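Each of the next two complexes has subunit A plus one more chain, namely subunit B in the first and subunit C in the second.
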Partner chain A sequence: MSRLLSMLQTPVGHAEASWALLLRRGIYTSPVAQKNIRAGQIKSSINANLPLTYEQAQKPHKIGVTKAWNSWNTSNLTGETKDSAATTLEDLFIRQFMKGTWHNYLASEVIIKRRLNVVIVSFIAERQLNARNFYFLVGYTEEMLSTILKRPIKVELQTVRRKRDMTFKLI
Partner chain B sequence: MASADQISHESMVNQSLRFKMARSSVSCKYSEFSMVVIPGHNHTGDSVERRRRPELPVIPPREKSMPIDQDWTTVWPTASTFKWSAVPLPIRQGRVFVCFKNFSESNIFNYFHSQKAEQDGIPPGKYGNLELMKIPNFLHLTPNHIKKHCAALKEFCTEWPEGLETDEKCKKHFPVEVISSDYIVDSISLRDPRARTVCIKINLSSLDLDSHAKDKFIRLVGDRYNADTGELTLELDRCPMKKQNHDYGIYLLSALFKESWKTEGWESEKTVDDMEMYVWSMNESKKNTQQITEVMKKAAENPSCKVPEYVLKSENVLETEPVQEYAAAVEDLHNVGEDLHSLEKYKEQVKKMLLAQ
Partner chain C sequence: MSFVPRGLQLSSIYEVAAPSQDASSTSSSPQPQIIIPKRKKRDELSILKALDHTVKMNPRTAHYMYHDDPFMLPVQINNRRNYAAAKSAGRKAAQHVAKTYPQFLEVNPFSSWFDLQPVLKAFTPQVQFLHSSDTVDGLRERIDSRACESAYINYQLLNEKGEEIPNDVKLALFDLLCCYNSEDPKKSMYPEEKYIFHEGLSKEQKSEVMRRVFVKTWKDKGPAEEIFAATEKPSHRMYNSLLRGRVKYHQVEMAYKLYLEMKERNIRIDGPSYTAVLSIDSSLSEPGKWKEVLQHMSDSGVKPTVRSFNAILKSIVQNKVRHGSNGGVMDFLEIFDEMKILGIEPTLASWLSFLQYIGWDDYSNLRHEILDSLQGKDFTMQDPDDAEFFFSMMFLSNVRYKDMSFAYKVHNLMMHGQNYLLLGSSNSHGLYFINFLRLILTHEPLGTFMKYWDELVPFTVTPRRVLLDELLECIEINESYDVLLRIWADVKDTILSMDSALSKYIAVMNSIPTEQLLETHLDILSEVTMKFQNEQSNRFRPFRLNGQTVGNIIHILLKVNDEKQAWDLFTMYYQSRSSITGFPGEDALAGLAQLSIRDNNFTRLKQTLGLMNTVCYASVDGLINEAYEKMELSDGQSHELRTL
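Our next item is the complex of A and B:
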């Protein structure tokens, strides 16, 4: 731009030559791409030893391409706007509840699937507890969530030996 | 300056010694006094072992103990999230992007030697694979499952009614078609405002209407009638419930039918000039045809004259097939317009009506 201005401000004797130069060069414009390419992407560590799960390794724009959604319900479908806000809010609540109830045992994100009025909560837990305690937590989660949300909740969990079994990539 | 440095150094050493003494007091069992520990100089005895949580006993995955000829429907009876331990298939899911730029062998083998990392270039297996848990699976809908479903449903099935074998027969006996949609959602409420809409379809040919009633019916329904297919479509969505809309639709249909059969007093005043289209029976053409047929009847008394057979056979000549077809051809010529097809048809019908075969 400054170059352009300087060309315009040339003395009278050189004006003709400057305009010729301007015409020959032309002006190139392009729209500004204001896209956020850093959200949801984990920075790599110095030693490249930060373990990531498959879910974390896939960047947000890959949802629906290399990784699937974490919430499966009909209000996510195209054109279905009914109750989508309420469903999203409920999902948020369930995730917070799981984070608190299964504190430190969650080895993955919580997947919430809905079928009619049933909410299916599935996730992967680390095998830190014995089976009895796991069964207690499952029952507790189901009972509490169905009391709060007033509909049947199913917990379908799987366990891994340790969290690092979930590692997909080191960055 | 130098003395100040010295003091600060001494105080640091004292501090660290005191700290070490306090820590080692636990491990020194034989002495009444705690031992002075100089880091790197004397042996401090057994270091405190880090407690390791014992491995919890785990039942081996179910897939390992599955016989080859097992009944899969008992393993996976209903829809469920994918369970790697119960599915005896070598499944992998995940996209692997092999990038050799950040490849560091030592890192992987130091920390995660038992884990397949992305750098190995292999899609993640089924163990601890969240992607497999996300996607809907059809492990509960194998052919054997479907067979079981069918067997269970069979006792609730009834015979298909006789006489309704084809779509044509169904349409003949049940001419009214009612279309409505149910919306199944997984949200809090089962109600959906779109479910109230009802569409009722009927072909006018299946209604018992004469030409006057049909004409009136079509005028009453307006653009809900499709002239090409002869179908009437009623879209009903003004009531809040589906049942109400359906009932209103059926009421509307019967009201239309009854109304179209009514003939008002002023309708008899309609003349040829008021007609919207050419009607053969109201025009000169009918009179002319009648005259011609009468002439032909008289001429038939003369044996040398040949007249068409239909003139002699029936008493009411205008109701016979050749005359009616001629009438249709004339109406077509006036109402649809002149083209090669209608002219050809007119010619044929005139020949059939006037000439002896």
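Our next item is the complex of A and C:
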């Protein structure tokens, strides 16, 4: 890529000559998409026995294709800059809170959806407690987050028997 | 006994009891022109209301409060209450944290980055008052935050200082004290708590709740009365507030006295105060004053509302119940007539009062006609008593009328549109459906009952003991044993948690005649046996079977020739028989004894015959003789048998 750039930056006469040379030699010349394809991808283990959920198994470029976003709000749409920093910070905070309050029970990513001033926190939990204790935690989470963030929070919850049930593939 | 003409029709109550101009309009008069508005007026709630109307009752799943997940849905008898209570307990725990550390929770930590609109006060922890308690601003602040007790202290401090209190502040304070009986208002319950409030209360708790509703709690020498007495010329607003306060907290005689005083002095009485006076009519020592009050109302030009009329109708019903007063039906006619003239549509509470009044007499045509006229109408809550209608009607249909077609009419009306919202709390919701199902069970074929059962159980209604007992009896009489499996699949946990239901269920299973059908039910038996084996010595919730049930299970197992399981269960029973009530039946024990004779097993024979001898079963002698004949017994064993 850097060679191609330096060629483009060279004076016109030289560039023309170089292009002609390249074409004549039949070299493939379309620009290289230098994406960082390692980011957000989980490295495979030696024994290929690392369980991944569906969400984790999809690579980042599949977002919007075979998997969806973890934060749903209007401030992360293209060109929207208003409140995006604060919304992201709040989302980070909510995820930290969930990680602590539902410690070891979370079997999936925490999906945060915003609609007007309502924040909907949804996730999948492992059935380590009985349903009554989960309801306690739901009530606590809703009220505590509402008191901290000053807006109505709703928890939407699904459960799985074991975290193993969430395995989509082993790498 | 009230006199009601036999042929009394609904038309004479409401539909035709119309102003005279209706009669004068003839066919010759021009047809009323239909005016199509250019634009339909919408308010800010129109879209929300439209969306709201798309939501209907879904009997196949639980209340929206519960999470739609197989693990989180309430299916057992106490789950509904426990889950809702747990959720509200979680909320309270969070509130406790907020109360303990309010300094950390005053603002949203991210709010410096963006605007939080609208500001919701409910999510701010309790903050200290800004103004001190001896200033007028402090008093205003306390009134705004409904802190009755500290507002009154503030008022006293200001009086001691001799500071002038503006009249509007004084009136606002007086209104507040009357409204809350000079106490700080209790924090309103969470929706989850409200929903389950009456469920699971003991009889004493229920009567305590009822007592609080009807017993006088008004503070006769409280701050409100003191301020009123100290005021030289109380304004009409003060009179009205005091009147409503006394009515709200059941100081009825004094309230009526105040009303008479106001009437005498020509003090303006407003609509809600009239309604309050009308609502206490039946509690007065001399009831039946509503006609005078209504006349007074008419003279002073105050238009009654639907709640005023409902208060009168309720008073008439209560007068009949408490004082046995008669002549009510004619009064009803007059009141419905008046409502028609004023263009007020009766609410469900109005019809409830009327139907309750005639409920104990035989006016089946009339009540059918009323229900027919209500079909297809959408009702919204206009009176707190509207929420009583469906529950009371279904209760009357089951307990009093035993009228299936009437119950169907009530049910159709309830299922129409959003009328199901008027079903009330979780408790009345459950009782409505239990009454409905019991009625169907009694009057309809079992197939029809099972159609409703499949729709309603287990999410909308959890069957209680009475319903299960009646259902199992019905199955036994009809010999429709094929539904037993369906019932087990739906309410397995409920049956397992109720001793009587489980024994009855196994007993019905025992009467299944064909072995082929019986074999399909064997999984249930092994489930029960496993549970008995694993949980009979559970420290917290031991699972016990009674002797009869053990006997029935053994008998079924012997019928299908599963001897191993039968002996296993018998051994379990024999080991823990001291903690189990009742004895296995004669069939089961005799069957086991015969098996042990066949297998020449003296230990087992001794155990079974010993048990049979304890209960004095008649077949013991025959079995002992049989053992002598067929078994090879040693001298000692023969002696043991003889001494049984």
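Definition applied: the second predicted complex is superposed on the first by the 136 of 171 C-alpha atoms of A that agree within 3 Å, B and C clash if a C-alpha of one lies under 4 Å from a C-alpha of the other, contacts with A are read in each partner's own complex, and residues count from 1 in each chain.
Everything below uses one rule, namely that a contact is a pair of C-beta atoms (placed from the backbone, for glycine too) under 8 Å apart; a residue touches a chain by one contact, two chains touch by 3 or more.
All figures in this text were calculated on a predicted structure; none of them were measured in a lab.
Enquirer: With the two complexes superposed on chain A, say which partner A:M144 touches: subunit B (first), subunit C (second), both, or neither.
Expert: A:M144 contacts subunit C only, not subunit B.
Enquirer: Examine A:F134 and indicate which partner it touches, taking first as subunit B and second as subunit C; both and neither are also allowed.
Expert: Second partner only.
Enquirer: Is A:A39 in contact with subunit B, with subunit C, with both, or with neither (first, second, both, neither)?
Expert: Once the two structures are laid over each other on A, A:A39 reaches no partner at all.
Enquirer: Just checking: does A:F93 make contact with subunit B only, subunit C only, both, or neither of them? Give me first, second, both or neither.
Expert: second
Enquirer: Based on the superposed arrangement, let me know which partner A:E80 touches: subunit B (first), subunit C (second), both, or neither?
Expert: first
Enquirer: Going by the contact rule set out at the top, does A:D165 touch subunit B (first), subunit C (second), both, or neither?
Expert: A:D165 contacts subunit B only, not subunit C.
Enquirer: Identify the partner contact of A:N70: answer first if only subunit B is touched, second if only subunit C is, both if each is, neither if none is.
Expert: First partner only, subunit B.
Enquirer: A:E55 contacts which: subunit B (first), subunit C (second), both, neither?
Expert: first
Enquirer: Looking at subunit A, which partner touches more of its residues: subunit C or subunit B?
Expert: B
Enquirer: Which subunit A residues lie in the overlap of the subunit B contact set and the subunit C contact set?
Expert: Common to the two interfaces on subunit A: residues 82-83, 86-87, 117, 127, 156, 158.
Enquirer: Along subunit A, where are the residues that touch subunit B in the complex?
Expert: My answer: residues 44, 47-49, 51, 53-55, 57-58, 62, 65-70, 72-75, 80, 82-84, 86-87, 107-109, 111, 113-118, 120, 122, 124, 127-130, 156, 158, 160-161, 164-171.
Enquirer: For the complex, which residues does subunit A have touching subunit C?
Expert: Its residues touching subunit C are 82-83, 85-87, 89-90, 93, 117, 127, 131-144, 146-152, 156-159.
Enquirer: Which of the residues in subunit C end up touching subunit A in this complex?
Expert: It comes out as residues 67, 69, 71-72, 79, 82-84, 86-95, 97-98, 105, 107-111, 113-114, 116-120, 123-125, 192.
Enquirer: Okay, in this complex, where on subunit B does subunit A touch?
Expert: For this pair, the touching residues of subunit B are 53, 56, 58, 79-81, 83-85, 94-95, 102, 104, 107-108, 111-112, 114-115, 117-119, 124, 127-131, 133-136, 184-189, 192.
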